[in-house]
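Across the two complexes that follow, chain A remains constant while its partner is chain B and subsequently chain C.
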Partner chain A sequence: MTRTGSWRPTLARRSFIELPARERSRAILDEGTFRELLGPFDRLMSPWLPRQGIVPQSDDGVVVARGEIDGRAAVVLAVESAFQGGSIGEVGGSKMAGALELALRDYDDGRPVRPVILFETGGVRLQEANLGLAVIAELNAAVSALRPVVPVVGVSAGMVGCFGGMGITAGLCSYLILTRQARLGLNGPQVIEQEAGVEEFDSEDRALIYAVDGGEQRFEMGVADALVDDDASLVRDTVRAAFSLGVPEVHRSQEFGRYGELVERAASSPPTDPASLRTSWGRSEVSQRLADAVQEIEETPA
Partner chain B sequence: MSRGRTWMKALAGDAVEAPVPSVLCADGEVDGCTARFLAVVPDPESPFQRARNGELGLREAWTLARLVREAAESDLSGSRRAIVAVVDLPGQAYGRLEETAALHLALAAASDAYATARLAGHPVVALIVGEALSGGFLAHGFQANRILALDDPGVTVHAMHEEAAARVTMRTVADLRRLADSVPPLAFDAATWASLGMCEPLIGGVDVEDPGPDDVRTVRQRLAASISEARDSPRDLSVRLASEGARENRQASIAVRAKLAEQWG
Partner chain C sequence: MESLSFSFETELSAERRVHVGVVGSGDLEVLLEPREEGGAEVSVLTSVDGYEHVWSRVLDRFFSRRPLGGRYEIRDFGATPGVVSLRLAQAAAEAS
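Coming up: the complex of A and B.
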């Protein structure tokens, strides 16, 4: 989504991408409601990094914040890409999974909480390998348990992107919001080049990377629901709009019939140009309703 | 023959079908009750060239999602059959086609199908007979209520292949192995993985490559025990953190949850 009309909003906009995780969370929540849980002063750090000569960080690179979205209880989980490339270790992953487990408990007690995940991550932190994998499994379990009753909204803005096990988590989200700078996939370009060779994927080819994994491509082929400018208030309004739509009737990742056919077709006539999927797959069904809801919010005086 | 195929045959015999050449499915039985067995196996002819060696690719993941969901759907009104994921996976498929066609979503679909079945009351058990690597394992096996693994040098669990893990963390393979002695999550072997509280006690004394009747009986007994335990316990994954291994090696995971609950409000 782009703001049209006057040039003033463009000049006045505040970048979301440039914000660190804590400020991103604050930007998503209603003003003045941000409250961080397990903040730096709780000093819950990775027990595994110091044993490998790596300095841990006092929040392990994940910010958990309670607050409100449109006056409703919310929790925002934000990965800080500046620490260890946004990789997920035991502590950071447990913070995310644990928060969603509590959100489910609250729902069962009649107090729904709106969960938002801000992805900026390459997936498992290899220095915590099997525990990184385990906590992502627990996070995915929590998303699967929560999303039938409360929509789980994901945002990836860039510049790290969202890959590895966390790409799976993004795939589980009820609504996914990307910017043009975002990249979303399973295996990052370097990993593919390493495993399959440069002729399979040239990880230095920026145009190729964005053609395959880029936010615009993922939106146009329907595996994300909104494409937004790098504008903090627009990202926030799109998150608000997503919650206003409620739990989707069918989650994308339940559609084995549709996607089973689409991927078989992709195998029999491999898309030489990824952009061809924009017509053959098409935008997500909710993308238009989401865009309308954003517009409505934008037009409502604060 | 791949280990996945060997164990599908050993556990479900003639019931084994191949809805697609690289996914085996069988409605067999364990302890007198129906169980759906699922495994990914190599298909050297696959049009998905990067998924010919038993990797979890687009076709495999969407097929697993369908087979798990169909089982759950047809059991809505009756007793929930057990679902057994036989795991022998060299990982997910690494390829350009795979990324282009959103492999992350396919893996999400398989992961969610298993999780949803578990939440609906199906006992979901993973049986690791070979490699359980990376995203492949996240989508096929790691959402199980109970995980069983054979005690065998060919059984390995990890986030990435050893050589790649060494490269990415800028170490030699020898360094990585040495570090794993003092940092258990870095290890590749089943016993160290089990010490993190991830699975039931390892199943030892079994010929993994060529199982005889006694070996199959041993595994079936353990499967039956896990299925019945899963039926009687919570449908989430809390059993992992309640384990003895977790109390020793996942203190941080436990502390995070306790503190989070205190501050949640």
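Coming up: the complex of A and C.
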């Protein structure tokens, strides 16, 4: 590609990151099929935030949308990162868990529904404490119940990323799609710094954060299956491709033996660097098949 | 956090319900619904206390330029008057 031409594809892209949660859901679903459940006018809001002097939001920061993906019934759960940092409260988390439980019931009734979760969250909403934790546990139970029968596809695009209990939810997904701007982890940089000190992790060092938690590193370490550019149609096509692969034989989170050994080896040796982690952990086994499936979709005329 | 309410005489009425914006830093959400009784009823829940006079002026100006009736429900997270005006205009444009 020539240097003068190389900016054109970038300019032609429609950013996924810049879209709010509702528009992200719309972008994932087939055109014209978006239908929201428990939307803003249902006013299902957090009862806990106003008691702490915080303004709630009419959808509690979670968009649940039914529609179709590739002509098949689907449900997309999207977290709005601009509201309370994408934190998961009792109401928003229950909307997500409930939608997945309904998807499982639909499957049992012979109507499979393709579930997608768009993660943009710091995890539990601290103002709702245990209720937030409980609801993420419910969500994780729902993902675990659903994934043996239909793949659960996760996407984190950035800029908030996916941390805390929702990092576990992302880890339970059948397929996980990230961008370079995404970050994925359990304890976020600020939490590590607060708990273990700035010598352990400097939460203001962006290069360090992306070297450890960044989408590219997570993909190269095999804890995510696809690394895509910030392009709404590419994200949509990658989600479609993931469903075309079907339910994986083994889910990543079932390989705790392998990961246990890798973590133990990393913990017992001198501090390692992000680059050597890529080599020793290696990419996800399905990443190549997923990339091929995306290419096939991209090359098929619409 | 402060809760405010206002009402205005209007000529027109919202034709459909619309939702715009997000309760994020420097932004607000507006839920606008048609109101059979006519007129505009505006409820504001804002994270910033003590700005009732500013809300009153921003809304006065909006309804003098665009007298669109309906039930306006606003949840604000520190939006500036400019952002408030833009969100109101966006809601009105989508509802008429």
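Odds and ends about this structure:
Quick note on the criterion: the second predicted complex is superposed on the first by the 290 of 302 C-alpha atoms of A that agree within 3 Å, B and C clash if a C-alpha of one lies under 4 Å from a C-alpha of the other, contacts with A are read in each partner's own complex, and residues count from 1 in each chain.
As a convention for this text, contacts are C-beta pairs under 8 Å (C-beta built on N, C-alpha and C of every residue); 3 or more make two chains touch, one makes a residue touch a chain.
Every value quoted in this text rests on a predicted model; they were computed, and no experiment measured them.
Within the superposed three-chain model, A:Gly282 lies out of touch with both chain B and chain C [touch as defined at top].
Once the two complexes are overlaid on the shared chain, A:Glu80 sits against chain C while remaining clear of chain B.
Residue contacts after overlaying the shared chain place A:Gly246 against neither chain B nor chain C.
Of the two partners chain B and chain C, more residues of chain A are touched by B. Contact with chain C, but none with chain B, is seen for A:Ser58 once the two complexes are overlaid on the shared chain. Interface residues of chain A, counted against chain C in their complex, comprise 20, 39-41, 50, 53-58, 80, 82-84. On the chain B side of its complex with chain A, the touching residues are 47-48, 50, 58-59, 62-63, 65-66, 69, 92, 94-109, 111-113, 115-116, 119, 134-135, 137-139, 142-143, 157-161, 164-165, 167-169, 179, 182-187, 193, 196, 198, 236-237, 240, 250-253, 255-257, 259-261, 263-265. On the chain A side of its complex with chain B, the touching residues are 35, 37-38, 42, 44, 46-48, 51-52, 64, 66, 90-91, 94-95, 98-99, 101-102, 124, 126-138, 140-141, 144-145, 163-165, 167-172, 184-187, 191-192, 194-196, 200-201, 212-213, 218, 221, 223, 251-257, 259-260, 262-264, 266-268, 270-271, 274, 277.
Residues 1, 17, 19, 22-25, 27, 29, 31, 33, 45-47, 73, 75-77 of chain C are the ones touching chain A in the complex.
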